[in-house]
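Two complexes follow with chain A in common, the first pairing it with chain B and the second with chain C.
Now for the complex of A and B:
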C-alpha cells in the first residue's frame, strides 16, 4: 500500500490527471494501433507455438492401419456402383446404400431423408460414439459435385470397421443431403431420435469427389458456429497422421506452393482467414458441414481431398479416417480442457488464448476510454447527469426495444419471402441515412451535455459487448470492434451536421458492413441471406449479437448525432 | 421537494405492478429458480413447492433432502394463495420501510452534524429498490430471500424509528430463523439499539443502564430464537430440520455452483481438511462484525462531535455477511447496495473511487452467465472460468466495503478536527 500511496502522491503532485484526460483520444487511437499491431505480431517467431498432442491417450499414428492396398478393389468396386447413383433420386440412393449397410450387419435408420447407420461397438458399453458424415454433394465446389469417392470410401470403411474387434466407441455413418439436413439430424439425435448410440465424442465429415484413385493433399475445415472450435487435439491428431502418411494438410484454403512454405506472410494470411471464417461460419451458403455439430460438446472437423494427380491414393484417405478413429477410440476421458481456444497460423503452429486475447481487450479499452472521454471532456456533462439520466434511460430502452423488433421482424420477413435478403442491407443503409439528413431542425433539440452523455453510454455499451464476447467468440468481438471504430472517434458536437460526422456514422452502420461483405468481399456467398436466417435455421448467434448487441449502440449514437442542436437554443 | 414526494405512491404502485409479471407468464419462477446466480437450492422456489407437496400429503418435510426451508415458514407460506401478489406486497412494504429509514437517517444525522442534511428524494430511494433489476429477478424467481430481508429491515425500523429494542431483536431472530446468516447481525443491531435507547433516555431524562440493555436484548433474542426452534420441533416432531435448514448452510453439504467463494474450494478438497476449512470459513462470516461495529460505534462524545455511524456499521456488516455466506445470490448484493444512497450526505462524498466496484460488478454480472454457459453447455470452458468471476465479484465487494468505510473515516477526521467545508478539498488523507 505504501507504494500505491507514493505513486498516488506523485501523480497528484505532477498534475498528471488533467494531462491524461486531455490525451484520452490520443490514447484510444494508440490502443487501436496496438491492438492490430499485437495481432500482426503473432506471426513473428517466438510469439506462436508448435502444436503438440496434449492428451497422451490419443497416441496418433502409433498403430498400423490395415486399410491398405488390399482394400483398393473394394473401394473401386463400390465407387463404380456409387457413380451409377449420381442421377438417381435421393431416396433411391439412400435405399441402395442402406442395402449395403444392412448386408454388412449395421443398424440403419432415417431421420427425414438423412440415412444413418450404427455399428454398436463390440467392446464398448454403448454410451459413446464417433460419427463419420458423408454428404451427398461436395460443399466447396461450384456445381455441387457428387461426393462419389467419399461414399465409396465410407462403405468400404464400414465393411472394414465391422471386421475389427477393437472398437470401444460406437461408430455412426450419416448421409445428409446438405448442411441444414445434418444440423437437423444432430439436433434430432440429441432430442427425439429412437435409434441412437450414446453421446458423440468426435465427428468427421469427409469429402472426396470425382478425384479418382489419387489426390494431392487434404484440406481441413474446423470452424464451428458461434466462435466454437473443436479441440485442437483432434486437428493435431489428423495432421500428425497425415504427416506420417506423407500427405500435406491445408487449412484456411492454402494451396499449391504455400503448403510447404511457412513464412510470416503465410502465417498471417492463415490467421486472418481463420478469423474471417470464424465470423462467417453459418452465414455462407456453402459450408464445410462440421459446424452442424456445434453446441453439443462434439469435436468435429471436415476433411476434403484436393487434386487428382498427387502422390496420395484413395486408401490413404481411408487410413486417415481409420487412424483418427483409432486415436479417438483410445480416449477414456473428455478431450483436454486447455485446447478449445486457439488460432491456427499453420497446421503445425498455433497461438493460445492468452497470447491473442490482449488485442481484443485493447479494443474494448478503446471504447471504454472514448466513453470516459465523452463524459469528462466537458465538466458540464457530469454536472448535468442527474437532470439527463431519466431521459437517457428512456431513450436507451426505446433504442434497445426498436432493435429487438427489427431483429425479430427482418428474419421473419425474409423467411416468408416478403423481401429478398439482398435488399435488406441496402434498405437499411439508405433509410437511416435519409432519416438523419432529413431530420427537421425543429427536432434538433439535444443540448451538448446530454449528447455527450448519451454518446458515453452507447460507447460503454459497445465496450461491454466486446468484453462479453471476448472469450466465447473472439473473432466476432474483434469484428464488432472494427466496424464500430468510427464511432469511437466521433464527437457529437464538433462533428455535428458535418460530412465527416455522417460519413463516420454511415461507415459504422451494420447494414453498410453487411452490404459490403455480401457484395464485394464474399460475392455470391449468400451472406445477407445467411445472416438473416441462420439464427432460425442453425441457432447461429451472429444476427442477434449484431442486431441486439451492436445495432442499439449504433442507432443511439446516430440519432443522438442528428438530434443534437446545431444552433444555440436560446435564440 | 413537494412534487418529488408526490411521486412516491406512483413509484410504489408501478413497482408493485411490474412484480405481477409471473401472473402472465407462470413459468418465470421455475425458469429463474434454476439459474445459479439468482437462486440456490437453499432458498429456491422449486424446493418450496416440493415442500408444500410433502406437507399436503403428510410426508416428512425433510425426507429426500430436497427441502431446506424451515418448517414454520413452509407451513405459513402454504396458506399464501398467490406468490406473485404476495412477493409484490412484500417488496412494496420493504421499499416503503426503506423510505422511512432513509428519512430517519437524514434526520438523525442532521441533529448530530448540527446542520440540515438533505438526502435523496423518497421516490428515488423507493425506486432504487423496486426497479433494481437484481431485486426484480430475485422477486420473479420466487426465492425466499426477500422474506428474511423483510424482517431485517423491520428490525431496523423497530430499532431506529420506533426505538423498541426488544421488538427489533425479535424481528432479527425471525430473519435468522428463515435463513441462518442474518443471525450475526445481532452485534451491529445491539449497537443501534444502544444509540436509540440512549437517545430516548436523554429525551425522557430517565436513568438508563447500557449493560442491562445489552443483557435484556440478547436474552430476548436467544429466547425468541429458542421459541421458534421449539415450535418447529413441535410442528415436525423431530430435529431433522436443524440439520437440513442450518447445518447444510454451515457445512456447505449441498455443493452446487453459485457466485460465492465456498463451493469451488470444497468441491475438490480432501475430506480430512474439510472440517478445518468449514470452521475457518464460518468464522470469517462473523469475525469482522464486532470490530466494524466497535470502530463505527456512535460514542457519547463530551464535546458533542459526531463520530461513528452505527447505521453504517449495520450496513457494512450486512454487506460482509452477504458476501461471505455459503450460498449467496445476486439478490444479496442488491440488498446490500440499496443502503448506499442513504450515505449520500455522510460517507459517500468522501469516498475516492466508488464507481470502480460498480464497474467490477457490472462486468462480472455480464460475464458470469456466459462463462457458466461455456462450462456447462458448450463444454469448452471449465469451472475455473466461472469461479474466476466469483473472485472478481469478491474484489468488487472488497473495494466497496473499503471505500465506504474509508469515506466515513475521513468524515470522522474532518469532524473531530473541525475542518470547514471550504478546506475539505485541500486535505488529502492517505492513511489513518
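Now for the complex of A and C:
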C-alpha cells in the first residue's frame, strides 16, 4: 500500500477533504462551464470528423440516373394538371392522382384520407419497401403552400420507376394531408393496413412547392421523435448524390452564403440548431414529416427544394430521389452500418456520440456535486438523516404522484378542449409562484437539516434523470440540465424567502420555460399545444420526461424552499 | 400456351409431359448393395438422371416448385392452372415417401433433397428437420397412385420450403436437361433464361408421380413427369429491350406520346397511357423462334395454344420455310394446334387496343394476404387476411409453417370477420363456426417448425382476419447467417380450396415475409474483448505497481540486492572462491 497510502496520508495532512467540500459549489460551476465549453469545442478543427459512406453496398451516384431530358416535359405536363387541383377538396385531389397511378399500373389504396400507391417490384419477393411521401402542403411555409412540384415529380417518378426492372424492394408512394395523417398511416401500416408491401427500410419525404422549373438548393430535415435519427449513411448518400449533381445541401436552415461556408461559426450554429430541433421535434405545429416514421426502424429524411432561381432544375430533384432509391435498393441488410447517434456540424462534418456525450455527463455531475454539497456542507444534515428519511420518502412520493396526475390530466384537458394549451404554461408559472409567496409562515416549519436533505434528494433525482436520458436523447438531457441549472445553485437556507431564491425557482419552472419557448423563441410554433398532445398523438416522450421526470424535482425543491422556516432555530 | 393479359403483359406457359416405360417399383433398402436391387432398366424419354434419385429414396411422388415474383391478382386474375403448378416465393419441395417408419422416411427425404440440391443447383441441401413439415391436408391428394406399398410400409408426405432462395437461369438449365429434347426443339426451344427470368412473375414446376396399373401387376408403374414453366412477360419492356437495349433511357422528344386534350408543346407533355396499338411476335419476346416439333416425324409431339380476343387481336402463324416465310391467319379466341412440320415457327400478334381487350380473365376464387405487425426486437405479430370474393361458400385449408425461432402464442389469436358493411371480432378460434377444424403441431427448438392447418368454410363476400403474436428467439452464434442478409425468410402460407372429396382444386400462396431477429453486432464482442483486455492490463499494471512498489534509495537497493538474485549468487560464489584463494595464498608462505 506504499504509494496509495502515501497519497492518502498527504491528503489528510494537508486537510484537503474539507477544502474540497468547501469548493464543491465552485467545482459545480466549473463543470457547467466545462460542459458548455466542451460542446463549443466540438466545432474546432480536429474535434469533428468528415462524413463517409460506411455501408459499401450503397454506392451512391454510381449509376446514371435517366430521369432527365424528355422526363422534364412530363414533369411539366403533370405539374400543370396538379396545379389545377390546388383549390379542390382533398378527396377530389386524391381521386385524380389515384387515377393517374392506376393508369400506370400501381396498386392504390386509402387509409382514412391518405392515398397510397404500391409498386410491387417485378420478380421481387415482396418483403421490403421504400417509401416516397408527398404531403399535399409544404410544411415550412406560412401559408400552407401547395406541394405542387413534388406531386408532379412523384407521379413522373412513378411512371419512370415502373419502366425499370431493377427494383428489389417495393416502392410505396403516400400522399398524407399533414404530419399527423402520415403518422397514423405509418402506424396503421404496421398494425392494421390491408394492402402492405413488406417492411419499410427507408422513407423520403419530398417538398417542392411552387418553385417552378428551377430551385437553388435542397434543405434536409432528419430529426426523428425521441432523439432518434436516421442512419447517417442515408443522409450521406443523399448529400453525396446532391454533391455530384452540383446541388448544395442545407441542414438546420443554413442559407445563402452559409451553404458554401464551413467555418467555426457555421458549424457551431448548425450544431446548436440541430440540438434545439431535436428537442422540439414532434412539438412544432409544422414539421418536416420524416419524424412520422420514427420508432418503426425506418430511416427517414425530408428533402425540400429551396429558391426558384436555379441553377438546379426540377428533374435534378427527381434524380436525387431516383439515385437515393437506387442506393437503398442495393442494400442487402437493413441500415446498420454507420451512426445512429451523431450531431451534424455541416452536411459533410459530424461528431459521433463518444465525442459529444461527455458534455451531458458533466452536466449530470453538476447536479450530483450540488447534491453532495447540500448533504455534507453541514454535518447536522447527515446526522439527522435517520430522523428525516421517512418524512422525506413520503414527501418524495407525494410530489411524484402529483406530477403524474398533472402529467395525465393536462393533456386530457387540452385534447378535450377544456383548456387552451397556450394558457397552461401561464397558469403553471403564476400558480406555483403565488403558492410559494403566499405560503403562510405557520406552515414554514422545515428545519434546515431536513431542507438540505430534501434538496440533496431532488438534485440527485435530476442527476439520475440526465444520466438515464443522455444516451437515448442527448438533446433533451442537455435541455433539462440547462433549465434545471438554477436549482443547482440555490441554497434552501441562505436563499430562503429572498428575491434571488424565488427568481431561481421561477426560472427553473418547466412552465416558465415552455411559456418562453412558446411565446418568444418559436412564436406561432404551437409548442405548448404540441408538448401537451404529442405523447398521445405521436408517442413523443418529451412531455412525460419533462413532467414525470423533471417536474417532481422542481416541485420538490420549490416546496422545500417555501416550507423552510425563515428563522434559524439556533438563534 | 400464350395469352395476352391487360397492361401489355403476356402469360406464357410451357408444359411438358413425359412418361417412362413401365418399371417395377421396388422398395429400396439402403442396406442391400445396389446391384442386387436393380437390374438394367430402360426409361425411354424419361430422364435417366432423375429416375434413380427418386427410386433410391423410395419417393413415390415428387413435387418441386421454383417461383419468383408477386402475382397481381387484380390484373392477371386467378393463377394459371388453378395455382396447382405455382409455388410460393423461392423453392418448395413436397415428396411422398414410402418407408416403414418416420425415421426411415426422414432419412430418405434428406437423401432425396441432397441429391436434388446438386441436380437443380438450389440450396435444397439446407432442408433439415427444423424446416420439414408433414402436411395433413395433402393426404387426400395422393390416393390416385394405385400403388400398393410393401407390407408394413406406409406413405409419408414431407414438405419443405426455402423462401429466400433466388431463382435464376442456373435452375432452368437442369430443368431443360430433364426434357428429352434438351430444349433444342419444340416449344422448349423458346426457353431462354435471359428472357424467361426477365419477367414480372415466373414459376417452374416439376411433378413426378408413379402411375400404376391397378388391373395387372401392382408394381409395374410408369414414372410420369410433368414439367412446366409459367411466366408473365412485360411485353413493352421486352420490346424496348429489343429496340433500345436494357437501359431505360428517356424517350426522345419527338417520340413522346402526349395527351392532345391537355397543354402540349415542345416543353410540356402530359403523357398518355402505355401504347395499346402494338405489333410483336413471339420471336421478339423470347429471342428465338420455335424450332419445329419436339420429335422429328412425330406430328403430335408439340401443341401451341393461344387465348386472345380475336375481335381486337390479329394473330398469325409464321412458318419460316426454306422457300420463304408463310403467314397464316389464326382464327378463334381459344385455339390450339399441332406444330406438325420440321420448320421454324413464330406467332405474330397485332392489336389496336389490346391493353384493354384481352381474352376473359378468370377471377381469383380466393384472396390471401399476410403481413408482419409490430416493430420491436423481441416480439411481433402476424396478421392474415383471407377474402372470399365469390358468390358461393368456399371450403379450404389454410396451411402455415413457422420456424421455431418464432415462438407462437395461439392464445393471443384474434379472429374477426368483415364484409362490406359490418365486422365482428371473436377471441380465439374456438368461437368461430366457420373454422371447422384445426391441426396444430407446436415447434420444438431446432428440431421442427410449428405447423398450423385450419379447415375453414368461408361464406361468400366475407373476409376472415386473424392475427396472433409471437416472441423472437435469440439464436446461437453459428445459427446466424454468415453473410449480409435481409432477415429470416418465413415460408409463404398456402390456401388449398378443396372439393367435396377433400381434394385440392385451387392453390394460392401468400408472399413470404422477412423477419428481423435481434442480431448482435458481431464485431462488438471483438471490440469488447480488446477494450477489456487493454483496460485490464493498464489498470492491473498501474494498480499493482501502486500497491506493491516501494520507494527506496539507491544505497538501500544495493544493500538489499547483495543477498538476492544472481548478484547474491555471484557474491556468494565470489566469497567462497575468495576464501579459497585467501586460503591458498595464506598457505603458500607456510610452504616456504
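Please note the rule applied: the second predicted complex is superposed on the first by the 551 of 571 C-alpha atoms of A that agree within 3 Å, B and C clash if a C-alpha of one lies under 4 Å from a C-alpha of the other, contacts with A are read in each partner's own complex, and residues count from 1 in each chain.
Here, contacts are C-beta pairs under 8 Å (C-beta built on N, C-alpha and C of every residue); 3 or more make two chains touch, one makes a residue touch a chain.
Here the structure is a predicted model, which means the values were calculated and not measured.
On chain A, which partner's contacts cover more residues, chain B's or chain C's?
With both complexes superposed on chain A, more residues of chain A are touched by C.
Would you sort A:81 into first (chain B), second (chain C), both or neither based on which partner it touches?
In the superposition, A:81 contacts chain C only.
Of the two partner chains, chain B (first) and chain C (second), which one does A:12 touch, if any: first, second, both, or neither?
first
In the overlay, answer first, second, both or neither for which of chain B and chain C A:464 touches.
Once the two structures are laid over each other on A, A:464 reaches chain B alone.
Quick one: classify A:295 as touching chain B (first), chain C (second), both or neither.
Both: A:295 reaches chain B and chain C.
State whether A:121 touches chain B only (first), chain C only (second), both chains, or neither.
After superposition on chain A, A:121 lies in contact with chain C alone.
Please indicate which partner A:334 is in contact with in the superposed arrangement: first for chain B, second for chain C, both, or neither.
In the superposition, A:334 touches chain B and chain C alike.
According to the stated criteria, A:199 is in contact with first (chain B), second (chain C), both, or neither; which is it?
Touch status of A:199: second partner only.
State whether A:444 touches chain B only (first), chain C only (second), both chains, or neither.
neither
Same chain A residues contacting chain B and chain C, which ones?
1, 295, 297, 334
Along chain B, where are the residues that touch chain A in the complex?
362-363, 366-367, 370-371, 373-374, 377-382, 385, 428, 430-431
Contact residues on chain A for chain B in the complex?
So the residues of chain A in touch with chain B come to 1, 5, 8-9, 12, 228-229, 295, 297, 334, 337, 340-341, 464, 467-468, 471-472.
Quick one: in the complex, what on chain C touches chain A?
For this pair, the touching residues of chain C are 7, 68-70, 72, 74-75, 89-90, 163-164, 197-202, 234, 237, 240, 247-253, 256, 258-259, 262-264, 266-271, 273, 369, 371-375, 383, 385, 483-487, 489, 511-514, 516, 521, 545-551.
Where on chain A is chain C touching in the complex?
Contact set of chain A toward chain C: 1-4, 57, 66-74, 76-78, 80-81, 103, 105, 107, 120-128, 159-160, 163-165, 190-196, 198-199, 295-297, 332-334, 336.
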